[in-house]
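Shared between the two complexes below is subunit A, which pairs with subunit B and subunit C, respectively.
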Partner chain A sequence: MTADSSPDSTPAPGIPAGVPATSRVEMLPTAAGSSHALLLVPRTGDESPDAAEVLHRWVAETPVSRPRHRIELPILLRLYNVDLVWSPSRSAAFASEERCASIREALTDFTNLEAELTAIEDGITAAWPAYEADLPYAYGFSDASFSVRDTLLARYGTVKSLQGRLARLTKQITQPAPQPPTLAGQIGERLRERLRVEERDEAADGELEVLSDHYDACGQRASDFMIARRENMLSWTIIVLLATETLLFAIDLLSNAGT
Partner chain B sequence: MRHLSIDILRTAAIFMMVLVHFVENLSATYDTQDSGGHPLTPWWLPSGLAAPLFTLLTGVSYAIWLGVQQRRGVSEDEVNRRTVRRGLFLIGLGFAFNIFVWLPEDTFNWDVLTLIGTAMLAFSFVRHLPMPVPLLIVALLAAFAPLLRATTDYPAYWQNYHFDYDFTLSDVLLGYLVVGYFPVFPWLLYPIVGLLVGRGVFAGVGSQPPALTSRGLMAASGVLALAAVASSLLAPLQTETASVDWRPPGWTMFPASTTYILGTVAAGMLLLGLLHHLVDVPDGSDDRRAARLQLPASVTAFFNRTSRHSLSIYLLHHVAHLWPLWIYGVASQGEPTAHWQAFMPAWASAGLGVVFFAACVPLFAWLDRHDLPTAESVMRWVCD
Partner chain C sequence: MPPWQIGIIGGGPGGLLTARMLEHQAAVPPSITIFEASDRLGGKVLTQRFETLPVAYEVGAAEFYDYAEIDEDPLKQLVEDLGLPIQVLGGSSLIHGDRLVGNLDDVRETLGSEAAAALVDFHHLGRDRLSPREFYDALPVPQLDGPVGSSFETLLAAIPSPATRRHIERFIHSDLATEPTHTSRRYGLENYLMNDPAYMQLYCIAGGNEQLIAAIASRLAARIRLQTPVLSVGSVADGRLAIDVAAGSGRQQHLFDAVVLALPIEPLRQLQFGGERLQAAMQQHIAHHDHPAHYLRVSILFDKAFWRGHWDDAYCMLEGFDGCCLYDESARDPAEEHGVLGWLIGGESAIAWSQRSDEAVIQTALDALPAWLREPAQRHRLEARVHRWIGAVSALPGGWQPLPLDRRHQPEPTDHATLFTVGDYLFDSTLNGVHDSAEYVADWLASLMLERPGSTV
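Up next is the complex of A and B:
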């Protein structure tokens, strides 16, 4: 949705009061399917001194927090004569019109990246209670644990999927900033820094390694158990057949002895 | 945890056993002694279900007992020891029973107690086997039984409807394996099928649902019933002992024909599935009232007590009707078995059986109240 307004009209719905009427709200698509509202306020030169405060309040209207990382939101950035306020669901920029495209590009990229990282972190957090419950299966597997095999397989798949998603994300996180520096590149870099994206990526990687090792071990035990079970079944089948043959032979002997 | 379905079925099995033994031991040839015929009629057919049901339930109960031991954290070694001790106890009790009740010449008649004892010994290793292997054992027991009976000349061991053997090693062993009353081939399959059914239907691990529902069990029984009908239709092609006129073609208990095995296993599974569906608490529910069919507490208590004391009732009912018969035989003709199977009309012996069964209810209530020993409590004391 784009809300354009003429300079003399009242602000369009969704645009906060106290910002120039030429401001507009754009919805940025995210990979997760949700949307991110971006308020672009063109710098005219006669804006009120508390305009940045208005943007901050507007962004803070939809509270989203990152308590796990003790990051206070929204984040306020000032660079290259751009005032930028960012939160995971909303952001606002106070910048000259020609910079809006770069800002949009930078925020789309970063918001997607951060949303994906948060989704991976949520997945990891959700996996820990199951990890604790599944600890015994990494040591050994038995008939009693046979019924949880499908559950373990699903958890293994979840962890491996998270690991794959994180690996792809790490590639994005660690790619070098464009040279010479651009506004979009700088915004992305600052936001990554403020949201501790690299540290979070490393932490998530460490956690996923533990989870992955654990479910690898579970998978190995389950696989060993299934192979042993199959061999065991085959061995017992042979033993039963041999025992039956012996018994038949003995009965035949006894029968002949009787006559 | 007790399952009312099992209590009801075991009560039915022991009641049928009491009735069968009273009638067959006191009256089987009363009306036709001169001709040596067998007077029983089609209404007697369900009585053939008593021993299969009793042995099938042995396996089901063992599976439940095993689940309880595992939940209590009893070690595998200890479970094995208890299983083997129970097996040996029952075999010993079986021999003592044969000697004291059937008199020493029938020591090795291989009655149901020695079969259940053997089943217990078999359980100690069968329980460790993956599912297809016990099924293979069941199939082998059923498939080889008729062949082995042909090899061993089964009819030669059976005179006038009872097992007649010589005190030789070959006869004793063949009696145990093939030609006795309840030989390993094929009778061991009932407890093993019971173990598999018990594991599938009753012994769900923790919150895991059972592998087999009561509907699944009834469906399986339907398949077996169809197989029994097919086997019965093919009976004329078999060369084994023909069944008497009033029974379905190919239906013989001694020897246990394929038709009989399929039919009784199907009936046992059908009854168990049906009762489990109706009177047991549905899985996953803690509410006792959640059972589909509520029985009065006094009725439930009756089934529970009778089921718990089924072994004692089995032993006692033989003593109650056979010892007086032996004593009277010695007193009147100098031969204990002089009046065996020909002592009174069937209606009278059936009535006596019912009276005995009715008398068991207050008797075992009294024994329970005074905490007096029974066969079951002695077995637990010795084996557990």
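Up next is the complex of A and C:
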């Protein structure tokens, strides 16, 4: 995911009060048009008991929801020696300095993965009204339908593009976590579980299959129509040519008979 | 035609599974009698409740192995078919001192970079030598199935980092239930690799594993005779098999077309066998399979699961007792409000501590907890129990060659061709192993019943 991402130019939000001065906010490399701020709070061993609550509040300041899946955000994870709060636009971690690189890596990968999945889901949601409107073209195509040919082609392209993006994402989602387990692998695994990523991936795949089948059928009807139309024109051309030939032949016969 | 009369000695999972499979597979269901010496069914599958509060905990078999990722898993299929709720058990940590070491980053921080690198190397070596498919199929692997003396210790000795070696030993000690010198390279490696989800996952039955026993027993047509110790087994003149059971101060004889000995090694040793040939065959069978491994279980009820939030896995490993497994028993039932911790102590430590008083064992178990659990454990403790399982499973020593499957299940094929043995010790000392064993014998008996329908009894 990081290969397709670029460093974000959005200014980093400020460090909240109530966390150690050694804390820092970093902007994760995300896809263009989005940003993700990570607050890293090095564990010192004498944190105040409500430190986790401070992190939670800071992450929840920029509300992003996933109402379609009824997932309550932010997600709070407590892993071995690491406390983590995650939302699509912000996350915060309580961990020793040595863990920060692993956490950053895991969160960058997961945030980009989840954002891409959400974008694909949004694309699918946007495609459904057009699917309903285009249903008749999967059954038959006529001269009256000719004008929507380019629109159908564009929608077919959109669906196929979404399918391609999802296929690349599925490869990442189903990749087994490294063994022996690493912190980055465990964070990714837990976040995928909590955000129901596998379930969403399967659902998106099913929906895209329906859309793709539909536009495949529309394409087939349009193609059949164009072939039939071309054959029709060809037939009439032949008829006209034959008629012309017959007429010329008749004229020739009559003129010879006169002489 | 009268149905076959089959006697099954032992009302544990082996006996019950054999009876269930026979009733399902035979063209004409046989008439089965199960003899159980104790007052309960289930053997090593035992779920009990505390006296203070009726909270369940596992006394015996702690978990089932889920091989569904690799191929068919008939035991999991059975659990699902019986409608029993499955609870996945997860955990990957070992507590070093007071620190929870749950991943490679923790190992690097706690034991050092060299130890972490050695752990990765050992893991890769394990995966290279035994693939998930070889693990599932129990296929022979020449590099692992070495000659006598090729114990798991020889694999561990090759690890360059002593800290990693200790980490691995502690991590798998309670699963092995024996010491690395007493078990094969393969069995040791299997017990290490089973922590990798590519090989298997662990699960239990929410609310108690013993529900499996109750569910099977309630669906059996077999006659079940509890508190009926079998004294001897032998053949009578016409080839039928006789089982003598204790009846009052005397004994009572029952005749069968076939008998299944579904007993662990120790009770099998206590049985008398009629005839020199059978006696010799059974002695040989017992000697070949007698490699005892040991467990000790400590279960403590607390007024609440005070560890949640600090430790949320279903189990982890402790350094105490040379490595023991600590289960969050209350994680087995999501509806449980109270907390139960269970210590599974294995190997030489189990033998040594089994000689001590319950209170001494309980106190040592509590002392084995990290400081952040030890103090609240004393404060929230309500009741504690100790259960001893000495010699309950098989250690599978290095160089030990398993017998061919027919010979494993039919100790004396000449004069006692319808006397069979079923047990976890014939496979890998697991519930999945006893299922395989029961299936093998049930298939065999079903085909014999097809060849020769009708009882001779």
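Quick note on the criterion: the second predicted complex is superposed on the first by the 227 of 259 C-alpha atoms of A that agree within 3 Å, B and C clash if a C-alpha of one lies under 4 Å from a C-alpha of the other, contacts with A are read in each partner's own complex, and residues count from 1 in each chain.
Heads up, the rule we're going with is that a residue touches a chain if its C-beta (ideal position, glycine included) is under 8 Å from a C-beta of that chain, and two chains touch if they have at least 3 such contacts.
Small disclaimer: the values here were computed from a predicted structure and weren't measured.
Q: Which partner does A:233 reach: the first (subunit B), the second (subunit C), both, or neither?
A: First partner only.
Q: In the overlay, answer first, second, both or neither for which of subunit B and subunit C A:144 touches.
A: So A:144 only meets subunit B here.
Q: Once the shared chain is lined up, is A:125 touching subunit B (first), subunit C (second), both, or neither of them?
A: It touches nothing on subunit B or subunit C.
Q: After the superposition on A, what does A:246 contact: first (subunit B), second (subunit C), both or neither?
A: In the superposition, A:246 contacts neither subunit B nor subunit C.
Q: Touch check for A:44: first (subunit B), second (subunit C), both, or neither?
A: neither
Q: Just to be sure I read the superposition right, which of the two partners does A:255 touch: subunit B = first, subunit C = second, or both, or neither?
A: First partner only.
Q: What is the shared patch of subunit A, the residues that subunit B and subunit C both contact?
A: No residue of subunit A touches both subunit B and subunit C.
Q: Could you please specify the touching residues of subunit B with respect to subunit A in the complex?
A: 70, 129-130, 132-133, 136-137, 140, 144, 148, 151-153, 168-171, 173-174, 177-178, 205, 208
Q: For a test of understanding, state which residues of subunit A touch subunit C in their complex under the given definition.
A: 78-81, 96, 98-99, 102, 176-177, 179-186
Q: Where on subunit C does subunit A make contact in their complex?
A: 92-93, 99-109, 119-120, 123, 127, 196-198, 309, 312
Q: Taking the touch rule as given, give the residues of subunit A at its contact with subunit B in the complex, in rising order.
A: Against subunit B, the touching part of subunit A is residues 144, 147, 229, 232-233, 236-237, 240-241, 244, 247-248, 250-252, 254-255, 257-259.
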